[in-house]
Amino acid sequence: MSITVTPAPFEPWETLRAHELQLARRAKVGACAVFVGTMRDINEGDGVRAMTLEHYPGMTERHLERIAAEAKARWSLEDVLVVHRVGEVTPADPIVLVAVWSGHRREAFEACRFIMEDLKSKAPFWKKEQLDTQARWVEHNTPGH
Amino acid sequence: MAITVKFFASLREQIGIENTTQPFREGMTPAALWEEVVPGQPLPGNVLVAVNMEYAGPEHLLTDGDEVAFFPPVTGGGA
Amino acid sequence: MSITVTPAPFEPWETLRAHELQLARRAKVGACAVFVGTMRDINEGDGVRAMTLEHYPGMTERHLERIAAEAKARWSLEDVLVVHRVGEVTPADPIVLVAVWSGHRREAFEACRFIMEDLKSKAPFWKKEQLDTQARWVEHNTPGH
Amino acid sequence: MAITVKFFASLREQIGIENTTQPFREGMTPAALWEEVVPGQPLPGNVLVAVNMEYAGPEHLLTDGDEVAFFPPVTGGGA
């Protein structure tokens, strides 16, 4: 299980490639479900030039670890990886990466989505958007179901 | 000891406080703490509360040394 | 939209990295959902040393293109990628890769799973497993829901 | 012209035919075609049929030149 909150840009596919090299039981894995959330250049009809991702250091990591542990308790999983960016972000930058490895696809799909929905609704991150002439806080996330 | 109080995101900007401390009183709750730190304005219903980095209700009973955070709805995770 | 049926091994993360470079509207993408199915070294309690993936050339590609087009008609998607391996496969080899790019996460999650379930239940591929002392055809896929 | 007939996977091995052709007859269906190519054994209920690379029912009306494939339940896609 790997949980990372990072101010550095990350490349999700390279992160996954590197992580898979150290999977303990590679030949027991039949399924991997992945979600990557990236920054869009538009929100609620306005062009967004950049974004600042604030978080609650300590609580964020603890909360993400708990989500991942909860998913592992609920489904039979081989591994879970979560990476979340903080700080200054520009359009097309990856913001979040969630990956779940399991024996069969149902577990991987369900656990990946569960982790994302929990992260979006409970992990303490906040986005402030830089528009052309002003900055504004994003007030709520769109529902995922 | 004392209670450490933190505000995040839009709430931090509105209130103008990032971190502060407040003397502990027996029976103290996050709701009561808020009214001491933000006088004249009761705790808004959509503000989330964490005690020692765990979500808690506004009437959670605090212990001396606790860290209490107030923050708006969370908005992480990309699209 | 990219549909590939290939007898050559493929590295899913590198495939995704390369495919994203040519996404038309990169900054309109907020979500990418991915599924990778890999070969396990065990099935129904028996050790599996290798596998042969047979397919119906022509119909397979046509069917996968139709699934992808159906997903694009049903959800608002930016792009769809499907890669499926055929021929000789060994444990831990990637067999299938499905990736969906969209504005928001709900579309990406749902379309990715829809494509996988349709592929598993309808695309004309068949697996023959090489066990220690015999070979056998896999008779049915496990349900994904 | 004629009908092209294909068998795949375990069915191909059981029947011992991969490709064959059969003369077209007016009113021919995949079920009737099967009985001509695999005498003495009606089309099993779990065998899937494709006509010109599209799924079709056993009573689909064939046209001269059609390609008809018979195959067992599909098992692609990893775990």
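By written order: A, B, C and D. Residues from 1 in each chain.
Everything below uses one rule, namely that a contact is a pair of C-beta atoms (placed from the backbone, for glycine too) under 8 Å apart; a residue touches a chain by one contact, two chains touch by 3 or more.
Keep in mind that this is a model prediction, so the values were computed, not measured.
Annotation of chain B and chain D: jointly contacted by A, C, touch as defined at the top. One simple way to say how far apart two chains are is to compare their mean CA positions; for chain C and chain D this gives 26 Å.
Averaged C-alpha coordinates give centres for chain B and chain C that are 47 Å from one another. Among all residues of chain B, those that touch two or more other chains are 78-79.
Among all residues of chain A, those that touch two or more other chains are 30-31, 36-40, 103-105, 116, 120, 142. If you draw each protein chain as a dot and join the dots that touch, the picture is not a line, a loop, a star, or fully joined; it has some other shape. Of all possible chain pairs, those that touch are A-B, A-C, A-D, B-C, C-D. Put simply, chain D touches chain A in their complex at residues 78-79. Within the complex formed with chain A, the chain C residues making contact are 11, 13-14, 16-17, 20, 26-42, 91-92, 103-106, 108-109, 112-113, 116, 120, 142-145.
Those residues of chain A whose C-beta lies close enough to touch chain B in the complex are 36-40, 53-56, 58-59, 62-63, 84, 94-96, 116, 119-128, 137-142.
The residues of chain C lying in touch with chain B in their complex are 30-31, 103-105. On the chain B side of its complex with chain A, the touching residues are 6, 8-10, 50, 53-55, 69, 71-79.
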